[in-house]
Amino acid sequence: MTDGLTRLQLLRRATAGGAFLTVPGVLAACGGTSKKAASTTANKTLAKTLRFSNWTLYIDIDEKTKRHPTLDAFKKKTGTTVQYTEDINDNATYFGKIQGPLSRGQSIDRDIIVMTDNSRYPSLLIKKGWVEKLDKSAIPNIKNLEPTLQHPNWDPNRDYSLPWQSGLTGIAYNDKLTDPVLTVPDLLENPKLKGKITLLQGVGDTMPLIMAANGDDPTKVTDASWNRAFKVVKKAVDSGQIRQFTGNDYSGPLAKGDLNACFAWSGDVVQLEADNKHLHWNLPKDGGGIWTDNMLIPKGGNVYTASVYMNYYYEPKVAAAVEDYVNYICPVVGAKEVLLKEDPSIAKNTLIFPTKAMLANAHNFDAAALNNEKYITAWQNLISG
Amino acid sequence: MGFLHRHRNLTPYSLLAPGLLYLGLFFVVPLGFLAYQSLESGNFDVGYAFTWAWGNYWDAIRNYRGHFIRSLEYAGIATVLALLFGYPLAYWIAFRGGRWKNLLLLFIVAPFFVTYLIRTLAWESILADHGPVVSVLRDVGILGNDGRLLATSTAVVAGITYNFFPFMALPLYVSLEQIDQRLIEAAQDLYASKWKAFLRITLPLSLPGVVAGTLLTFIPAAGDFINAQLLGSPKNHMIGNVIQSKFLELTDYPAAASMSFVLMATILVMVALYARAVGTEKLTG
Amino acid sequence: MTSTTLEVGRPRESPFARIWALVKHHVLTVYALLAFVYLMLPIAIVIAFSFNNPVGRFNYTWSSFTLNNWKNWDGVPGLRSAMVLSLEIALLASIVATLLGTLIALALVRYGFRGRAATNFLIFLPLSTPEIVLGASLLTLFLNLSIVFGFWTIIIAHVMFCISFAVVTVKARLIGFDRHLEEAAMDLGANEWVTFRKVTLPLIAPAILAALLLCFAISIDDFVVTYFVAGSRTTFPLFVWGAARVGAPPQVNVIATFIFAVAVIGMVLNVLVQMRRERAAATA
């Protein structure tokens, strides 16, 4: 699995849709109009089909017709059918699958995929050159992107990605079983919580909160700050304070009272709260985590069509329609206003539309640290005994 | 061997050919690729190169010896438990099942119809800290006041036992069902007690099933990762979890490949010893 | 005339002895029932929660009873097609795997041939290979062969890892198989094929059925290998794993319950038909 590309592979990629590399393509991009009629170059034509891979149950659904209204509306507006596949259910596993073809220079037959930036994979994809740059000239609505999400450390100019949904990582607790747990030190050192808490198994989920509690900046990790945070977690593992490291399977035990408190994602707690009024969620005062599921264009995907779709999603009305169903955090400014009229209960829920203060207090994890072999090997050894 | 096919030397090969060719193409070839990977060195950034990196194997054993041993332990205990629980059940279905045998077999594999995740979540409900089982165990004194079942090695072994139960029960049934009941009656006519008849007649005749069941349970269980992930704490993780993380999170394919081979070799050595101990081809074919 | 009748017959049993005999006779049945309860406990919970009406997306705590999930069983897009695909694959894969496996088992048990030990070894290898590397290697193979991912790649993978289970299961039956019955049939003039069809096959049928059942169960439940080779198709386990992230809808429980119920009803009907036939044959 060496990285070198043969000329044959380069050619294969170019014909598969990276045509913007051609001179006319570049000129057209500079020209900046998206008038389909005027353009004669291949890259400004909408494909008949947009192949979109996403996570399960992550887009609006009409339960009666079992269709996705926003996708149908997109077809009506542009004539492009969206071939929507829900075949992503875990970043690592999905990457494990697509790295096969991508490392051989083959296309994975997708125009848009969605991966989370609390994992190393979006930055790894960019580093390996396995994603295409967005055609920003086709995405004027990019101005609607939530300001705090505009410059993530792994894609500072949003050249390759656009958020689909976000989530916050904080501490959830069950008020029937424990006093409010609002800080990381309380969670990890309170003897009453011994064996009744879990942390998240993603290093990019857990470490931002630990580092923030230590007073360090999670977006700029150094050996020193890493070691400090690692020591804190290791102590809690060895003492038996931490029961398990979970993916989102903390939701069952939290709902049933096996856990008094845990690191949890805002979107999950929105749903769990509805059935169990004793569950609460907060960003730790020192700082919480924010993660984003990002739309990316894999190599070989049709850049223009994908970009046009992204522009469509960034219309507040469309984003609001999806948000009304998905209930994670919407990255599109203006969607809240739309929902205030149509579904106020969702618009007013700060777990779905967090305040500016909340967003300012939530941090990404340093992508360089996510890819640092020393760190991640140590982390995996810690969570796997 | 029977006189039936004494003249046809090619018959065994023609019987074997379809299956073995299939396995040859779709298992051995991928395995070869895996072996090649296990001897590579490098990392994901700069790529991998084949360097006869036997050090990968040595590293795997050295760094994760505890996990290997733990996996064999858990799989072994689970296999024994599955045998103890499964034998009487298979016996009952074989001898008392009558015409309902097939339906009863269906009930044994029923849990597989609801996917792994759902049935594990259901067990998490049953074994919850505030649930009925743990409460009873606490009252009875088996568990301390703060004791729990989930996120312990007990839960992991229990999960493995449950999930591999059909792999033990079905081969046991297959072997028990063909025992001619008249042999047992004859033994009893000769004044053997029911228990003695069982020990002297039924048990020995069912040994092929016991061997088959233990192998079909132990071997895959040793490489399992999911029970440990959902039901265990970090101290309970098995080698399957490590291989999983090497491959997915750390994209360290040579390490994952070499660890897999160490696991496979260990298991196969144990199987060979087991077959030797249990004795002849009569039982293992 | 005094009759001195010899008291031939059972000595008077104490009530304890009678109860003990009763217990001994039924202890196995009681055990079997408890074992089935143990096996079916999670299924019971799944069935119960198919009637739950959670307020949020997660189906963990009981909220209120509803029949809506059953009425709207098809309301989740992709769920039904995922289940249908899983069933199709499981059916086809288990049949092919059992067929290939039975042939191998016959060869292994009945013949001595060169490479017997190696074949046994080869059969056990797939069982011991961790699924993650198996899936990834198979993915690489398919990429190198330029095979399109989808239904057939899933079938190929499932047959591959099911063959070993079929071989070992059928072998357990063939060892200890009484060859004299076959010899008797041949003595009576049947050729090999007829003997196989009329004597051997019926006698190993329970093993073949058990192998089919086992392979079916393994195939319908497989996740890791399937994930790697499925391309854009989604099987039931893949769907559920994905849905669990945001909360698997109760319809998942409904569909699983439904499939299970259909299988049970099918088997019960089979038995009833059998009983009817026997009764008809007896009175004929």
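In order of appearance the chains are A, B and C, and numbering begins at 1 in each one.
Quick note on the criterion: contacts are C-beta pairs under 8 Å (C-beta built on N, C-alpha and C of every residue); 3 or more make two chains touch, one makes a residue touch a chain.
Since this is a predicted model, take the numbers as computed values, not measurements.
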item	value
Far-end chain from chain C, centres as C-alpha averages	A
Chains most often in contact, by C-beta pairs	B-C
Rounded Å distance between chain A and chain B, as computed from the means of their C-alpha atoms	37
Centre distance in Å when chain B and chain C are each reduced to the mean of their C-alpha atoms	16
Between chain C and chain A, distance of the C-alpha-averaged centres to the nearest whole Å	39
Chain C residues counted as touching two or more neighbouring chains	60, 132, 136, 140, 241, 244
For chain B, residues that touch 2 or more chains besides their own	121, 125, 247-248, 253
Touching two or more other chains - residue numbers and ranges from chain A	93, 96, 249, 252, 256
Residue ranges of chain B touching chain A (in the complex, touch as defined)	43-49, 66-67, 121, 124-125, 128-131, 146, 148, 150-151, 230, 232-237, 241-242, 245-251, 253
Chain C residues touching chain B - in the complex, by the definition given at the top	28-29, 31-32, 35-36, 38-43, 45-46, 60, 100-101, 103-113, 119-122, 124-134, 136-138, 140-141, 156-157, 159-160, 163, 165, 167-177, 179, 182-183, 186, 192, 195, 203, 206-207, 209-211, 213-214, 216-218, 220-221, 223, 236-237, 240-241, 244, 248, 252-253, 256, 259-260, 263-264, 267-268, 270-271, 274-275
For the chain A and chain C complex, residues of the former touching the latter	53, 55-58, 61, 63-64, 66-68, 85-90, 93, 96-97, 100-101, 104, 106, 109, 248-249, 251-252, 255-256, 267-268, 270-276, 326
Chain A to chain B touching residues, read off their complex	1-4, 92-93, 95-96, 99, 124, 127, 195, 237, 242-245, 249, 252-253, 256-258, 373, 376-377, 380, 382-385
Complex contact set, residues of chain B against chain C	1-5, 11-13, 15-16, 18-20, 22-23, 26-31, 33-34, 85, 88-89, 91-93, 96, 99-119, 121-123, 125-126, 162, 165-167, 170-171, 173-175, 177-178, 205, 208-209, 211-213, 215-216, 219-220, 222-223, 225, 240, 243-244, 247-248, 253, 256-257, 260, 263-264, 267-268, 271, 282-285
